[in-house]
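First up is the structure itself, then whatever we jot down about it.
Order as written gives the chain letters A, B, C, D, E and F; numbering starts at 1 within each chain.
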Amino acid sequence: MTEKLSHFDAAGQAHMVDVGGKPETHRVAVAAGRIRMKPATFAMVASGTAKKGDVLGIARIAAIQASKRTSDLIPLCHPVPLTSVAVEFTADEAGLSFECRVTVECTARTGVEMEALTAVNVALLTIYDMVKGVDRGMTIGDIRLLEKRGGKSGDFRAS
Amino acid sequence: MTEKLSHFDAAGQAHMVDVGGKPETHRVAVAAGRIRMKPATFAMVASGTAKKGDVLGIARIAAIQASKRTSDLIPLCHPVPLTSVAVEFTADEAGLSFECRVTVECTARTGVEMEALTAVNVALLTIYDMVKGVDRGMTIGDIRLLEKRGGKSGDFRAS
Amino acid sequence: MTEKLSHFDAAGQAHMVDVGGKPETHRVAVAAGRIRMKPATFAMVASGTAKKGDVLGIARIAAIQASKRTSDLIPLCHPVPLTSVAVEFTADEAGLSFECRVTVECTARTGVEMEALTAVNVALLTIYDMVKGVDRGMTIGDIRLLEKRGGKSGDFRAS
Amino acid sequence: MTEKLSHFDAAGQAHMVDVGGKPETHRVAVAAGRIRMKPATFAMVASGTAKKGDVLGIARIAAIQASKRTSDLIPLCHPVPLTSVAVEFTADEAGLSFECRVTVECTARTGVEMEALTAVNVALLTIYDMVKGVDRGMTIGDIRLLEKRGGKSGDFRAS
Amino acid sequence: MTEKLSHFDAAGQAHMVDVGGKPETHRVAVAAGRIRMKPATFAMVASGTAKKGDVLGIARIAAIQASKRTSDLIPLCHPVPLTSVAVEFTADEAGLSFECRVTVECTARTGVEMEALTAVNVALLTIYDMVKGVDRGMTIGDIRLLEKRGGKSGDFRAS
Amino acid sequence: MTEKLSHFDAAGQAHMVDVGGKPETHRVAVAAGRIRMKPATFAMVASGTAKKGDVLGIARIAAIQASKRTSDLIPLCHPVPLTSVAVEFTADEAGLSFECRVTVECTARTGVEMEALTAVNVALLTIYDMVKGVDRGMTIGDIRLLEKRGGKSGDFRAS
């Protein structure tokens, strides 16, 4: 059944999939995830400003930088020259969590789902890092692709 | 309240926390997370072998490498010379998911929680990457620190 | 007033500016800077050759490599596939300094000013590193963009 | 005369200096530099906050990350596990400039002057990058080592 | 005579060759190399599987990742967005060696010989690393370009 | 039989070997390799100087930098803070080749064989890169560990 996985050749060995025959098209990927924490921790992060503890601002920068490192981190990813990366945080007070949503765009022969997902993960890890001194029990989850446009495999939108 | 976050100085500005006064001690961190997928995808990954589609073997290598890149990815992390990294996958057939658990050790002035968490995230992203061609709806979650030992802030064990 | 800074969105948050709608055009950037040192140090660097102490040759290599790492170092820079990098040093005996001038070219959707400036900085830092054992008081300065061509924001030439 | 440059061996060839015989001692380096700009640009950067255009906050993160990449950028630098990095900006309204001052510490066999200087340079380049859309004529200068403590070559303080 | 080396300018100084005037064309490079070892070591590597000691599978991943790092490692290499990387190992029982053959493709202004050669080298180094505990006398050799297609310098095929 | 390979655990899965229990000792590794070329190419490289075409000087810098990237390139390598790296080239006119010999030292819990071997490989690849325009048929070989000292596995000297 694994022959359906394009990252493996006919002999089942990993390779970087040949995308040379694909046209360069505009591609967009949107991914999201969230980090849950204790009420006091949530309040602390939510109150951050540039003057005092801008946790989300730093996580945003880490996410943008990570999107550019994706092909270094994920073994079979193609290097892709990104044209746009945007990172948005939403405070979910009821859920005691922050959602991170990243939109990545490029004009390339392959998509940028992994770049969006990697940026989300590193954003959430960066929040964890800065806040772990007061709350080691935070959990990261709900990481998923929300949307993908462009490319011949067709568009995708999470149900 | 943010003055409790050690990654920010008295003026609220980010810094790399001074750990120079701490002794080098043996430190261990264990983190885990999981990726959920459709039944057919789960079967495909579970049946992988070196001969045909060894998804988990590749994710393990990506995780070990990512642990070494942690201070490059997480802005305020200290560079730490790791002495041991182990990555374990468990197939959860009932939950249609694979759990990844990473144990990192070092002898250093600061802990390796972020190294363990980063390795877990990159392992799960690598699985996503290799399988996304057949299942874009996979979700990554339950990422958390399970255990931390060594260092003056005391041991931690997830409840 | 900050709404004029394109690296921030309408809400004032940093993002990697969307250049996806721009055409790929030929772009050139020229930057320069200099390092000033004591007379004896100046003489030492000026006399370097491949056979003995080629400080400038090593700084040139460091500069070329740094130009390729620009998007890794500068958080909001786009990755750009450079097509040409040239590094030139001029000894200014009267000013007891070495000037470094870097010209970078590409065919891309965005310019290469930062690549040229980053290469200049790393060249000068590399000189500092190799000579600091005999002169810790060197100063680096006059780092500026000399020229920029290509792209819709128009050409620029330092006055 | 170049035989005085420790980065070259007796034959004048570059090498990474042997520091294996030195003891691990506590080391501190402080470096500084500044970026000059037009009055309107100065006002724009000075008014930034986490809510809107936090140029200095982003430059601070870039500086901390760059300090960790120093041995990657400067060919003959030893890799050093940093224990502390602090980045401070001072607005100089009269001089229409921002000064960046970076203090780096470690316990190692060699000093961290290059780490402090590299962080300063990348901080100033990051400011340039974010503001260049409105002011391409900014200049970076006055980059110098202010202070160095620890290690057998003795302490240094800029005159 | 060195004026024939395009990586040096008219003054004999290194530069990143200007490829801006070349068209983007499809390019392929194939390189190979081998590692020779003792009979017992050969048997050990040959018997590896995903379930137990998959040396070659890990070397393959390292090779693919290294191909993407080539312009970081080789000072004057242009960054090239690879479109395909395939790594093949052949066990040569008579020669007590494993041959690694790597094929890299791109659509770019310059070729990918260095990417293929770098991947081969890192594959063989990775095998050495994993097996060195039982055989430090292994040798790596026969590293050469087998074939190159695309680009105006014409095709090449090793004789 | 693979249970003898320490890079795999009891289940045959790759891990970064635990060296936490080993003492930090002084370690030295010496590796070598060579690149063979046509007579005209050999003459060209041999005649290089800082003033014109310093191929070997550039390869030396690339080698030193690569030694510091080893744990990034070789998946299961530990990060090691190197204390000394020296690169030596010998022209072998009879053999129409250049030999590269690299000596790496550290005080660490694990050895630096891979750092020395990686530096040799990248030195030779860098020569290939700069000369390939006139000689694509060069071959790289004889890459081997010459010597290793320090550590409990005992000293090694190639026979």
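Assume contacts are C-beta pairs under 8 Å (C-beta built on N, C-alpha and C of every residue); 3 or more make two chains touch, one makes a residue touch a chain.
By chain, UniProt protein names: A, B, C, D, E, F = Cyclic pyranopterin monophosphate synthase.
Keep in mind that what you see is a predicted model, and the values were worked out from it rather than measured.
By the document's definition of touch, common neighbours of chain D and chain E comprise A, B, C, F. Within the contact network of the assembly, the step distance from chain C to chain D comes to 1.
Steps from chain A to chain E, minimised over paths through touching chains, total 1.
Measuring from the averaged C-alpha position of chain A to that of chain B gives a distance of 15 Å. Between chain B and chain F, the centres computed from C-alpha atoms are 31 Å apart. Shared interface positions of chain E, i.e. residues touching 2 or more other chains, are given as 14, 48-49, 51, 54, 57-58, 61-62, 65, 69, 72, 75-76, 79, 81.
Contact topology of the protein chains: irregular, matching none of line, ring, star or complete. Under the touch rule stated earlier, the contacting chain pairs are A-B, A-C, A-D, A-E, B-D, B-E, B-F, C-D, C-E, C-F, D-F, E-F.
Residue ranges on chain E touching chain C, taken from their complex, read 9, 13-20, 71-72, 75-76, 78-81, 108-109. Contact residues on chain E toward chain A in their complex (touch as defined above): 26, 57, 60-61, 64-65, 67-69, 79, 81-88, 105-107.
Listing the residues of chain E that touch chain B in their complex gives 48-51, 54, 57-58, 61-62, 65.
For chain F in complex with chain E, the touching residues are 1-8, 11-12, 14, 33, 40, 43-44, 47-49, 51-55, 58, 61-62, 65-66, 69, 72-77, 113-114, 117-118, 121-122, 124-126, 128-134, 136-145, 148, 153, 156, 158-159.
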